[in-house]
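Labels for the chains are A, B, C and D, by order of writing; each one numbers its residues from 1.
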Amino acid sequence: MITVLFFAKLSEQLGVRSLQVEWRQAQDTDQLFQYLTEYKAEWAVTLTSQPCLKAVNQAMVNNNIALKEGDEVAFFPPVTGG
Amino acid sequence: MITVLFFAKLSEQLGVRSLQVEWRQAQDTDQLFQYLTEYKAEWAVTLTSQPCLKAVNQAMVNNNIALKEGDEVAFFPPVTGG
Amino acid sequence: MISVQEQDFNQQVEYERLRCQSSIGAIVTFTGLVRDINDGHTVSDLSLEHYPGMTEKCLVDIVEKAKVRWNIIASTVIHRVGHLTINDQIVFVGIASQHRGDAFAACEFIMDYLKTEAPFWKKETMEGGETKWVDARESDQKTLSKWAL
Amino acid sequence: MISVQEQDFNQQVEYERLRCQSSIGAIVTFTGLVRDINDGHTVSDLSLEHYPGMTEKCLVDIVEKAKVRWNIIASTVIHRVGHLTINDQIVFVGIASQHRGDAFAACEFIMDYLKTEAPFWKKETMEGGETKWVDARESDQKTLSKWAL
């Protein structure tokens, strides 16, 4: 399974903080993102209408990267700490 | 009279912290400096062998400037505070 | 020292922790506070969310990057999460070095990267009670260019 | 607030004095300490001479220059004179601003100018009891070039 986490505004809009996706549905981050846009009717708009960063196993990634069973993938808006 | 002040290493080497010079001997800062180099035998070496900054009425000046009766002129080494 | 915490921190305690060695000649501290006005509207308070685990890793990584570039004798990064109100302390970065140039540069570098890379998100409550997620500033991204090698 | 004084200062007191308004989002402090080693020799203590009157004017002038260039809500400069020993605090510069960029730049600018313009002179006592006036650093002059307009 791949653990998917959402944070901040994104988590609020999707109404979900985390979910599990089977690895065969999400062999890389692009595939996972595609899967999520089809997960619920309104998710496509929410995920594609705003800047959305991603981290794999708690490290920010910019491009598509391969996933393996047990990975943690997070999606979140640009950060606003400090 | 012109009040002349020396600080730090310079004052220590000259053995004097302050002295009064008649304005007619020191109508500008170059003239005052020249007067001081002749004030005592060893002063010429002390005053010309090391970097020496000057301030007129407590403001740093780089070039020669005219003095008026009552002015305060200070000579000192490059500053080392902070 | 790196800490992500709900509780407040004390400037004097953090400062004294940094002033730990006789070879230290310079200590620079940055403290970020909750402002009453942001992007033109009045803020009454703030809630800070973060990504536990990733946040700490990210802060460690930023401090390590700073240590490669500058001479740092001691460093502290504290970032608060949870509920905060006006004038509250949000973040502390303190750097102790032999010389001031290193301490200033490292402290500002860490803040600039923290602002754009560390997974924290602010949600403001405005005067009327309405809430709003704070938008990332483009200027914070641009600021990073000054650290380009 | 500008002060030239023999007595020590307290980081927390100075920090809280700067944290005086709810529009402040950033406080940067610099503290200079007496190091045990300078230019390769061991220092046991330090004596600081200054030019009373000119020192204060000079510090006021440097802070005014900073205020022209950056948005400063509150500022503090404290410089000690007289006898100091290892790890003692020598100088404090604190800047409170809305945004961090202003606070960092103004604080470093003030320190860089203070180092090259304010009439203070340090005399070190070395381990054996020998004394030595500290030489000005050429690097301090060079540092100023980064503030050129």
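Going forward, a contact is a pair of C-beta atoms (placed from the backbone, for glycine too) under 8 Å apart; a residue touches a chain by one contact, two chains touch by 3 or more.
For clarity, every value in this text was computed on a predicted model and none was experimentally measured.
When every chain is reduced to the mean of its CA atoms, the largest separation from chain C belongs to B. With each centre defined as the average position of its C-alpha atoms, the distance from chain A to chain C rounds to 26 Å.
Taking each chain's centre as the mean of its C-alpha atoms, chain A lies 72 Å from chain B.
Note: centroid distance chain B to chain C, computed from Cα atoms, is 48 Å.
Those residues of chain D in touch with two or more other chains are numbered 32, 100, 111. The multi-chain contact residues of chain B, meaning those touching 2 or more other chains, are 82. Chain pairs recorded as touching, per the definition above, are A-C, B-D, C-D. Contact residues on chain B toward chain D in their complex (touch as defined above): 5, 7-9, 12, 51, 55, 58-60, 74, 76-82. Interface of chain C with chain D (complex): residues 10-12, 15-16, 19, 22-37, 86-87, 98, 100-101, 103-104, 107-108, 111, 143. Remark: chain C residues 32, 48-51, 53-54, 57-58, 79, 90-91, 111, 114-123, 133-136 touch chain A in the complex.
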